[in-house]
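Note that the chains take the letters A, B, C, D and E in the order they are written out, and that residue 1 is the start of every chain.
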Amino acid sequence: MLTIENLEVAYFNAIQVLKGLTLSVDDSEVVALLGANGAGKTTLLKAVSGLLPLENGAIGEGRIRFQDQLINKTPPHELARAGLLHVREGRRIFTEMSVEENLISATYALTGRDAQPDFEAVYNYFPQLKDRARQTAGLLSGGELQMLAIGRALIGQPRLILLDEPSLGLAPKIVDEIFDIIARINQEQNVSILLVEQNANAAFRIAHRGYILEGGKVVLEGSVADLRRNPDIQTFYLGLGDQEDKKSFRDVKHYKRRKRWLA
Amino acid sequence: MITGHYKTRYTADEGIWSTWPKQAGLVAALVALAVLPLIANNYVLLLAGQIAIFIIAVVGLNVLVGYTGLMSLGHGAFFAIGAYTTVAVHHEFPNTFPLITLLISIAVAAAFGVLFGLPSLRVKGLYLAVATLSANFIVLFLIRQEWLAEWTGGVSGTETPNAVLFGYELRSQRAQYYFIVPIMLIMLLFAQNLFRTRFGRALIAIRDKDYSAEILGISLYSHKLKSFAISAAYCGAAGCLWAYFFPAILPEDFGLNMSITLVVCLVAGGMGRTLGPVFGTVLILLVPEILKIVFANVTDGDANAQMLFSPMRDIAFGVLIIGFLIFEPMGLVSIWDRFWRFVDRWPFSK
Amino acid sequence: MLSVTHASLAFGGIRALDDVSFTAETGHITAIIGPNGAGKTSLFNIISGFYQPQSGSIHFDGTDITGMRADKRAAMGMARTFQNIALFRGMTVLDNIKLGGHTRLRSGFWSSGFYYGAARREEAALRADIERDVIDFLELDHIRKAPVAALPYGLQKRVELARALAMRPKVLLLDEPVAGMNREETEDMARFILDIQDRWETTILLVEHDMGMVMDISNKVIVLNFGRKIADGTPDVVQRQPDVIEAYLGTSEDREVTV
Amino acid sequence: ETKQWRVAASLPMTGPFATAGQLVAPAFAEFEQQVNDSGGIGGRPIKVEVEDSGYIPRNALANFQRAMAGGDLHFYFGDSTGFMELVGPTLEGDNAVMMGSTSFASSLANPAERPYQFMAGPTYEDQFEILLKDIADKGGKTVAFVYSDTEFGRDPIEHGRKVAADLGIEVVLEEVTKAEGADIENHVTKLAQANPEYTILQGYVTGVWPQLIGGARAFGLQTQFMGTFWGMEKVIADRVTDQAGPFLDGYQGVMPYRYFYDQEDAPFYQQLGAYKKSINPDFPGYVVTWELEGRLNLELWKLCMNRVIEADKPVTPDNLMAELRAIDNWDSGGFFGQPVDVVDHKIGQGRVYRYSADSKLFTPVSDWIQV
Amino acid sequence: MGQFVQYLINGVISGGILALIALGIVSVFKATKVVNFAHGHLILFGAYFYFTFAVMLPEAAFMPDWVRSWEPEWLVAYRADAPSFSPKAAIASWISDVPRILLGLAGALAANALLALLIERLVMRPLLGQSTFAMILSTVGLIWVLEGSAGLIWTAEAEQVPSLGPNFPIRFELFGANLFLFSGSLFNLLIALALFAALMLVLRYTRSGVAIRATAEDQSTAYAMGINVPRVFSSAWLIASTTGAVAGAILATRTGLSPAIGLFGLSVLAVVLMGGLDSFAGVLLASMLIGVLQAMTQWKLGGEYAEIVPYVAVLIVILIRPHGFLGQEEIERI
């Protein structure tokens, strides 16, 4: 579905962010991508969805293929029309338009495909949105905004969704809800999902495989079950103590433990 | 070979002319400014004087637009207020000492600045730009009124006084140059100092994120108004010098055209930087003249050829502005920065 | 130190806050939690003075500050960070932090413009102060001259905290300080917050969705739902309240254990 | 010693009055060629340099100073009242130069304050006076002043009021309009309300006056429209007639000069026509009045030059201006219908012409009126 | 009272033209967040193009005679006994002008559209991703380029162009006063309002409207949603340039050709902000209000006051309503 080989990306021809990254997403698979702040996760998604040039970024080396097509230089709207939809960091809802108009805006992703937008399907996943269809989107709560962002992608009848930190700033209960729905979407719609997350617990719940990104490179990859067993992942991403129990934040030390994959 | 500039005190780290190549450059620039009139003809001095005056005004605009992030398309009005205040002061008290007039012009312009700034407490962005533009038109409208004509000369403008310093009348452009340029330098230094200390920093904070500034204890009301006042004061000073420099003024001199030229100078030079206005003004005021000289040399003053070339000059000028925005959007100062980075790292620079 | 009594706030038809009262004890960490849209940020906004509550009052340090402008409250020693990072993007880290010192400095427009003299001494003193108490403390030395816009998210959050600290606040309002951070970074931030509490006895108000952190470090937890306070107490107590679990926590804790 | 006489000019070749500048500019090149072909002045060739000002006084001042910096300058032609007033006070000592312009602003005809500036015709005030006298002669009782909100438009208004009062004519409307792109409907409405016998238009070059007259005619207003120098150009009137119909028929106005087609007893016009034909076989035989104005400035300078040189005096601005002031009973050979004097640095006469859409000519309807 | 109605009519007519000009500024703003300072000069080009295709081209040797003046026999007969300035004569002369009016309009629309595409490609496109401020200023730079180019291409000013509709005075009596208006102006008003309404409906109620608004709010997200952002940009410029061409043609018939048309366009900015940059309805309201206020001021106070009416009005309005009559307030969530 999506394969990325040896990708290098720099902003302003100066700030090198991705340094030879390789990754793939198979059909109907949920792949989690974890990594520290500034590791380049968002940059990777922007590179895939063609948004980099709008932010003075550029792909140097490397190839990105979507459904066996080379898409290094394909403009974003054509990717959307081919079924690759990007739910961006910070949700990026059109705040001055109504919820419904936000959904309509995504119908452009169906251009050139013989398909009708299915608003009801979206409202089925997210009943709250239906109640607020005519409301100005800027006034929705954080969870609803995230639902709308995902709903907007669904309108485009995607084959692959790039999902950037859907849990950001959401209450625990909503995070659960949303992740449940993401899992449902993956199963029912047969779409692949590349999920960028900081909340490893939540991400591992629904993902099949995972990658750990650090300093612009993949430092670890494997099935979710494998990753969960990795002691570094347990310490740095899952917050488990030495005995695989929950570690209290009050016990955090001033010095840092070294990560084994850096060795 | 310079491998780095080590600083041992925080004050040194905060200095502006911190490296010796920069200090040498500063001295060279000052010497050049001092000797220019000795070798230049009236035409060059006319341009130099105009540029110096404009620099003051653009520095003022920079305070508001570049540092505080409030857009204005009406600064021609403050220029006008400074100029007409000077005329009016000399009309009432013919022998006023020029620096006193300058201070009065500054004060009056600053007061108008506060008045113009009132909308900024409610209005942002383009709305503010158009509010100031409107204010500009209204000021010009008032200046043209018959009932103010005694001081303003009304529609047909008025002759302006010459500065008299200690019994010596500044008639020649050379003498005026030595009056204007030091004032410009002082005002430039003042602005530079302002923006590396508390007050100026607060303005920049308002530009970058107003509510965040507020939460740090910066009063938006008073700072926005003060910014308008300072900005207007600079333009008022420029207006005062303008009135001394030119033999006559007309209301049209200070219209939209001037306001836009000020903005263009600022953008070409680089907003929010002290040297931006200097570079921008020099570029924007000199380019049309250089184009003229070039075309005059090509055509040898021939009328028929001039007819063809004159519109092309306008086109060239517009293309220059657009080209700048596309290729050097941060203005000339970014070239300047690159230059100094190069010098500082030489011979390791590539 | 800080108390809110019967505060209500509505936007059009939406009741963002509905008769909310609570007190934050001096030197304690008080956490405010609740679902999205419950009114936590709105509560911060009326405390810091961006919105005026339609009814109710706010007392800070013994004074009634209801109706006072935001910048005045800051001068009294109130600092905060924002849910969506609100740094001055055009400036360096150092300048951002210096701005935190704004209310402590005296030099005005004239002395700033003339610089040599009072203004210069004051600037140097501020710089020394910040270097010692803020930059070293929050481990920002390596990026002090970097423009904030280019920093990764986590560091930006830390710079925002640094800026607030430079104000020497009596009370510090933190709106989702660890959102978007992974476990490791969250731990760092938790450490800083605890250290601040220790070192300056700052009163801290904390809005956060990371329950692990909230429950571990706060002394008291207040739960909001639809603008109303539904619970108030120590973390242990609140955590077990069924209506809190129902409205906010959900059952994810259980699920996590199943792994 | 200079080898050639230098003349420089600022003309508005861009900006709002570009039409005027572009029409006049070729005359300067032609003057240079014609004078040099006939041996120059006092045996030395002349050099004419033209610059664009965009009708901005400050630009014209820069042009002027650059011309001055280029060596001895013997005549300068300015392009606006604003420039003339801006440069006026600086013309002293080494900076002095004889200076004509496109402006007829009354303040420029002032030997005491403007010792080096002159005007090749009557001031706008004079022109108004001529028109009002003509109205009075014909028994007119009411008049409207319609003028643009510019210095140029307002220049003669106050004087006009006074003269009208003296002549017993009532000013029933004073209407201020934009210099270009005026809101014709409103102005016509107001004219209709005031219903004056005569309407004097002032302060327009190519625009507004034709539209205003057209609108009023279409509406059926009977008022007699009148104009001053810049609103009296046949080329414009002809264009309007060709493109929009004959509504300018009967329009009148004051003109200080004879139209170029009026060549009877006008040796200078005949020569100029012949010369133009010789260098350009397509020359249609008509020279626009705006060009005549520039040309007359140059001719006056040439006359003064010749007289100074003949008198064997040094060619200085003071000597040139002294000769100008001494012009008395001068036969221009065309421009004026009778010998003229220079008084107060101007030539205060003109007469009223009327446009006929049939013949496409402005023909005189009054005698030369002296003011 | 009758006089009042007269000036009201005059004001509404000029308000219609203001609205038509404003339309172009608003549509570019809606799509790109750029306020086009050069819109007046786009209109100026429209006017010159109209002149070129409706006056200059028909006079060219290779054009058939009927383009310049269409005189079928029935028209000659119809006109035969009409007195000059009568409606009949006006209609007849308009009919004989129809071919060149159509040619002029078609030419102006096409040429202006081409010009706009050029501007969009060469100036605005390279600035994509730059701050809107830079884009706005580049339109200021465009003013010089366009003005210079116009000066280079056309020396023709003070030219008259045929009016779009038949132009004869209409007289009627109301409240005891004799009122009049020109049929040509009425025709212009109708064209302006029709264009305005059409565009407003398209943007409000169609999918394209959503695309345009989405692009305005967040270019890159709109792009990622499958919206062809560059196409949206060029369409916005196309709308502006074609409505601008019509506005130019109308202005040229009303006030004659002159570079002042460019400046006139600039003053419409005040109207646009008064209405609210992003609201068509608000801008229409503001246009009418300014038109009427200006007419009333001209009537009661005279021309020098009329000129500053828009500026005073916009200042007052945005002090009371910082986003104009109907402009949308940005939601800033802290």
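Please note the rule applied: contacts are C-beta pairs under 8 Å (C-beta built on N, C-alpha and C of every residue); 3 or more make two chains touch, one makes a residue touch a chain.
Since the structure is predicted, the reported quantities are computational estimates derived from the model, not experimental observations.
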Touching chain A and chain E alike are C
Measuring centre to centre with C-alpha atoms, which chain is farthest from chain B? A
Centre-of-Cα separation between chain D and chain C, whole angstrom: 75
So, in whole Å, the Cα centroid of chain A is separated from that of chain B by 49
Mean-CA-position distance for chain C and chain A (Å): 28
Please report how many Å separate the Cα centroid of chain C from that of chain E, as a whole number. 52
So which bits of chain E are touching at least two other chains? 147-148, 151, 304, 307, 333-334
Mark out which residues of chain D touch at least two other chains, giving numbers and ranges. 13-14, 22, 149
Note: chain A residues in touch with at least two other chains are 139
Going by the touch definition at the top, which pairs of chains touch each other? A-C, A-E, B-C, B-D, B-E, C-E, D-E
Please name which positions on chain D make contact with chain E in the complex. 13-16, 18-19, 22, 149, 174-187, 189-190, 192-193, 205-208, 210-211, 215, 217-220, 236, 239-240, 243-246
Touching residues of chain C toward chain B in the complex: what are they? 48-50, 69-72, 74-75, 79-80, 82, 86-91, 95, 98-103, 105, 107-109, 112-115, 119-120, 122-124, 127-128, 131, 163, 167
Within the complex, chain B is touched by chain E residues 35, 123, 126-127, 130-131, 134-138, 140-152, 266, 269-270, 273, 277, 304, 307-308, 310-312, 314-315, 318-319, 322-324, 332, 334
Partner chain E, residues of chain B touching it in the complex: 118-119, 122-124, 126-127, 130-131, 133-135, 137-138, 141, 144, 211, 256, 260, 263-264, 267, 308, 310-322, 325-326, 329
In their shared complex, at which residues does chain A touch chain C? 15, 34-38, 139-144, 165, 168-177, 198, 200-202, 204-205, 228, 235-239, 246, 248-250, 252, 254
